[in-house]
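Input: a single structure, listed below in structure tokens.
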Amino acid sequence: MPEMTLIDALREGMDEELARDPRVFITGEDVGKRGGVFRATMGLFEKYGEGRLVDSPLAELSIVAIGIGAALAGLRPICEIQFADFIHPAFNQIVNEAAKFYYRSAGQWNVPMVIRAPYGGGIGGGLYHSQSVEAFFCHVPGLKVVIPSTPADAKGLLKSAVRDPNPVLIFEPKKGYRSIKGDVPTGEYTTPIGPARIAREGSDLSVYAYGMMVHYCEKAAEQVAREDGIQCEVIDLRTLLPVDKETILQSFKKTGKALIVYEDNLTLGYGSEVSAILSDEGFNYMDAPIKRLAGADVPAVPFSHPLQEAFMINPEKIAHAIRELAAY
Amino acid sequence: MPEMTLIDALREGMDEELARDPRVFITGEDVGKRGGVFRATMGLFEKYGEGRLVDSPLAELSIVAIGIGAALAGLRPICEIQFADFIHPAFNQIVNEAAKFYYRSAGQWNVPMVIRAPYGGGIGGGLYHSQSVEAFFCHVPGLKVVIPSTPADAKGLLKSAVRDPNPVLIFEPKKGYRSIKGDVPTGEYTTPIGPARIAREGSDLSVYAYGMMVHYCEKAAEQVAREDGIQCEVIDLRTLLPVDKETILQSFKKTGKALIVYEDNLTLGYGSEVSAILSDEGFNYMDAPIKRLAGADVPAVPFSHPLQEAFMINPEKIAHAIRELAAY
Amino acid sequence: MNATPALDTPSQLLSPEALKEMYWLMLLARRTDERAWVLHRQGKIAFHISGMGHEAVQVGAACAIHRGVDYVHPYYRDLALVLALGVTPRDFMFSLFGKRGELSSGARQMPSHWSARKYNLVSSSSVVATQVPQAAGLAFAIKYKRDHGLIQADDFSQPRCAITCLGEGSTSQGEWHEGMNWAGVHDLPLICIVQNNNYAISVPFEKQMNIRSVADRANAYGVHGITVNGSDVLAMYDAMKAAVHRAYRGEGATLIEAKCHRLTPHSSDDDDRTYRSREELEEAKRFDPIMSFAQVLLGRGVMSTAEQQEFEAKAMEIVNTAHREAESAPYPDEHTIYDHIYAPINHESGR
Amino acid sequence: MNATPALDTPSQLLSPEALKEMYWLMLLARRTDERAWVLHRQGKIAFHISGMGHEAVQVGAACAIHRGVDYVHPYYRDLALVLALGVTPRDFMFSLFGKRGELSSGARQMPSHWSARKYNLVSSSSVVATQVPQAAGLAFAIKYKRDHGLIQADDFSQPRCAITCLGEGSTSQGEWHEGMNWAGVHDLPLICIVQNNNYAISVPFEKQMNIRSVADRANAYGVHGITVNGSDVLAMYDAMKAAVHRAYRGEGATLIEAKCHRLTPHSSDDDDRTYRSREELEEAKRFDPIMSFAQVLLGRGVMSTAEQQEFEAKAMEIVNTAHREAESAPYPDEHTIYDHIYAPINHESGR
């Protein structure tokens, strides 16, 4: 298995799907000649031409709406939103339209489309190049939301998303595009949309995370194992919607303690739902308060380095939270 | 104190604020001659003229953006979104712009504006005239979100919102516009944005709700008190953002049991946050699983009567959930 | 009739049967629509939104496309349009009553939110103008499939254009702008029909935009723009035929502004007396497209008075039957609210 | 010089001092901008987005308004524009380094997101085109205040117009459409300057829209539209003066398309070699607005070579000092991330 970066794995996934199915095309700003501002589509323009790597006008709602229309007509669009922060103009098309087509036509019209967007902070992007936006969409039945944390999953989930008959949003932890490396299976494979992944086994407490935070949690878990003998189970949620309640609860039944880590701001972030599931269906197993460690409840991630650091979650903050919870 | 309907109280609040402050104006679709499709602004056009009751073009993002610009320039806009379902095109202007102006200018530019939108189901409105959208906005620091359940609060919160130097969203339970009646204080008063309200005292369990659901919860509480001797405390959350953690926790410390009722769909709805607060900071008082009773996790409220009823929460469903929880 | 019909008036080539079908569709729509108002006044249904006054626009449009094959992404006033595609008054009555098996949405959507996969009639929401960029996406797919050999350009069994409708007020939405811009940039086979009835609920045209004609906006996108008398079904047909040919031949998109009159309040929830005078409404009724088309057909001898009466009788019968069947049909089963949230994996889709 | 300057070329009335100030502002912007690129190459700053090539548009625009009083809602390329309003290279350097006390946002925003209440310079986000309908809102407020007697029409201490800038690519956004439409419907004192540099990052004009000029879009809104050579500061000034007078006199909004050249990659994150040829770039450099304006001033004898050199020296000194001060300044205190989430109740606001 070759080692690959997260973004190379995503690109390979798109490449294979473009090769496999002529109905697959990619649209978004600068996805063509430029190969995307993060180089996610680099080389694909040369390989597949401007008919399949379609530079869009600078207008997100239309990127999504064109995708919807094309999907209705049987194509398999992959729509790139340049930064998750710029998905908001397309909110109406995603939430009122893509999510509701299958339901509102009682199964007549479905929307097999993929929307990719790099998200998250820690890259000096300030208020508008750092946002985590998953919570908005995880509230919307009819959408699927996935966030890969490893190159293998990135490729496998992307390929599943392209083949899924429903609208799938892939939020990609851009801070990890090049820093996250991992083995990627050779040959054709997909990673199913749905099940979470146990990234690290442990019995003392359950740590729930996704995206970049999975790596920070693994790091923190290693540290507290080494230094304090605390054994954390780290769950990589991977598919955020539909929620994998089973895996979430299974781990909790074993540990009785939960720390949910997300870099989005705390209030009504994704972790609120995980917490709510645990304190209801996992009540009998609760050994401690259910804890969330999340971004500050401020309007967005600030630019200046120390301010950004103050906002962001890091392995030290996680290790600290683990220790406190373990000691409860 | 005269008895008034919810919508009459809202209108009286707007009327008084228009009279008090020449900087206050109202814009939105059909707010002028037509007096609003729900008649919220009826008569105000005749009284204040088309310069202050400004029929907007049919374009929500601009309704909000014009409001933002006018607020920056020192006016006090009240922007009406005809149905909450149509707020999504304005999502970008609300979430990326209005919410972040004060923060991103380090306190130089603030946005004193009000956005009103009728929300909620049960009126035969189908997928696009029934939505509850508060969860999207309660995730966004920088916004304030209020949902009145009584005429007195509707007027008082509206007047506070107009005077607030921040963007305030008022979601109005439209099913109750005419059916909810209540006494409204005569003379000038405001209801502060922030504190929740204890709608009914009780010691057996805490029921958290807002909007139309407050009335259903009160009804259910009376029923179970009468029939089963269960004494519920009903908390009318009123201000959803910022969250009134203190009142939420205070009641829970007394009862140890919590039922959170909201008509929005379950997953990542507002109740998820209330639940997450309770199972963390209220852990020591927990006597039972924290329960949420919410709308079905489907893409939206269906039109046909029995389907709508299946979706909607009602006093019977609430009473049932209370009994189950009380018996735990 | 002109012996050598001009190419820009293809309506002159329409057979008497075709002309009568147009009349019939307009009439059937009108009678169905009127019944809905009656049912609303009787308290039997909760909501109706009407297409009265817009029938000529819609029938003129429908008859110019390959019906049931070309994509149609309509809006809520398009009753006559969808009847022309194959939707029936019975289907419509089922949606008014919200009854089990309703065609468009299984009675999940409010009435007048049509959808029928079998006719390539695309489901639309109530959120105005969202259909426009989606329709551009449908048109994009047509072009894409041709360019990539997924279909042949002359395969008449495939959609060769996408048409979408909206009101003049809805062109104020950013959605419209973005959709039209794609249509221009990619020369898409899209026909966007703006049914300009001078009002968006209560808001008159001059508060909606500061120009004389919606068609003026075509120049902002590099698409062809035209204004047509939407009360004249043949004028509409001619404009559409030109647009359709342009689309079929890959010559790009057309914006058709069809000026028409909304002969009713905005919907059954509206009371238009607060914002338009009764005189204005009476004046509008003089342009009733059905009456004037009847005059044309009778005058030309294409339709006889007897035929006209037969049409009336047939329409009444269809509407009566539809109404009866819908009223007595069962409601959907409440457990079905959980159906169709997600399409199953391996679901085959796309037409 | 022309003895009887035409009313439509107010630039002919500019004094030598005014002309030299224009040159100075363009030069100062250029030298500040260049330093930012050096700092980026040195790895001292993480990001820079440049206005090189756009200076004439911005200075021509700024000098035509009541600077510091009329509202300006800029975009990220507007360095020269904001320097003309009072923002200093030191302010800009503080934002590049993200240092404590940074003017616009307390170093919360990325560089080039200017804001200064004291100059009526409005904070903007990175989300393109959002400023357009907001600027329409500012213009709406001006009109509203006059109409309701909150200010006098001839009160020069008050803003009398709102100007906003964006790139040609950003006019594809629905936000732009909706903002321009309000400006048309209400005849707002808004001036929207589209800085058309032919690229949106890598996407060329012809993939952005199917028309020849952004100014053609004015007709879709009933606002005045004009295309101007944005490499000629005096041409820009003249176009702006006309627009400003129109706005001040309540005659409505203007769309100015200023054709110019982006002389750098999109930003320091970009590599433009993948999408535009070096020849094309070299050709663009021939239109460098600063060099050509220097030629004009030297040729007319308005500026001497000695003065030009003084300007250069002064600019260098200002930039050096600004750079030094910013580099050595402390970072903001991390606890301040919780400041300014909500304005306190009773906060007085609005200007």
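A, B, C and D label the chains in the order they appear, each numbered from 1.
One rule holds in what follows: a residue touches a chain if its C-beta (ideal position, glycine included) is under 8 Å from a C-beta of that chain, and two chains touch if they have at least 3 such contacts.
It should be emphasised that the depicted structure is a prediction, and the values quoted were computed from it without experimental measurement.
Chemist: Pick the pair with more C-beta contacts: A-D or A-C?
Modeler: The comparison resolves to A-C.
Chemist: Just grab the chain with the largest centre-to-centre distance to chain A, centres being mean Cα coordinates.
Modeler: The chain farthest from chain A, judged by C-alpha centres, is C.
Chemist: So the centre of each chain is just the mean of its C-alpha atoms; given that, what is the distance between chain A and chain D in Å?
Modeler: Chain A and chain D have C-alpha centres separated by 37 Å.
Chemist: Hey, how far is the Cα centre of chain C from the one of chain D, in Å?
Modeler: Centres of chain C and chain D (C-alpha means) sit 45 Å apart.
Chemist: I'd like the Å distance between the centres of chain B and chain D, where a centre is the mean of that chain's Cα atoms.
Modeler: Whole-Å distance between the two chain centres: 40.
Chemist: Name the residues of chain A that each touch 2 or more other chains.
Modeler: Those would be 56-57, 59, 61-62, 85, 88-89, 92, 96, 100, 103-104, 127-128, 141-142, 297-299.
Chemist: Going by the contact rule already set, what residues in chain D reach two or more other chains?
Modeler: 105-106, 108-109, 113, 125, 127, 172-175, 178, 181, 185, 207-209, 341
Chemist: Which residues of chain D touch chain C in the complex?
Modeler: Chain D reaches chain C through residues 172-178, 181, 184-185, 187, 206-211, 216-217, 219-223.
Chemist: Considering the complex alone, what residue numbers of chain A touch chain C?
Modeler: Contacts found on chain A: 22-23, 25, 51-52, 56-57, 59, 61-62, 65-75, 89, 92-93, 96-97, 100-110, 112, 141-142, 144, 163-166, 242.
Chemist: Across the complex, what residues on chain D touch chain B?
Modeler: 71, 104-106, 108-109, 113, 115-117, 122-123, 125, 127, 130, 132-142, 144-145, 147-150, 159, 162, 174-175, 178-179, 181-182, 185, 339-347, 349-351
Chemist: Using the touch rule from the top, collect the residues of chain A that touch chain B in their complex.
Modeler: Touching chain B from chain A are residues 85, 88-89, 91-92, 95-96, 99-100, 103-104, 127-128, 135-136, 138-142, 241, 243, 265, 267-273, 275-276, 278-281, 283, 286, 288-292, 297-300.
Chemist: With touch defined as at the start, can you tell me which chain D residues reach chain A in the complex?
Modeler: For this pair, the touching residues of chain D are 46-47, 98-99, 102, 105-110, 113, 125-128, 169-170, 172-175, 200-203, 207-209, 269-270, 274-275, 331-338, 341.
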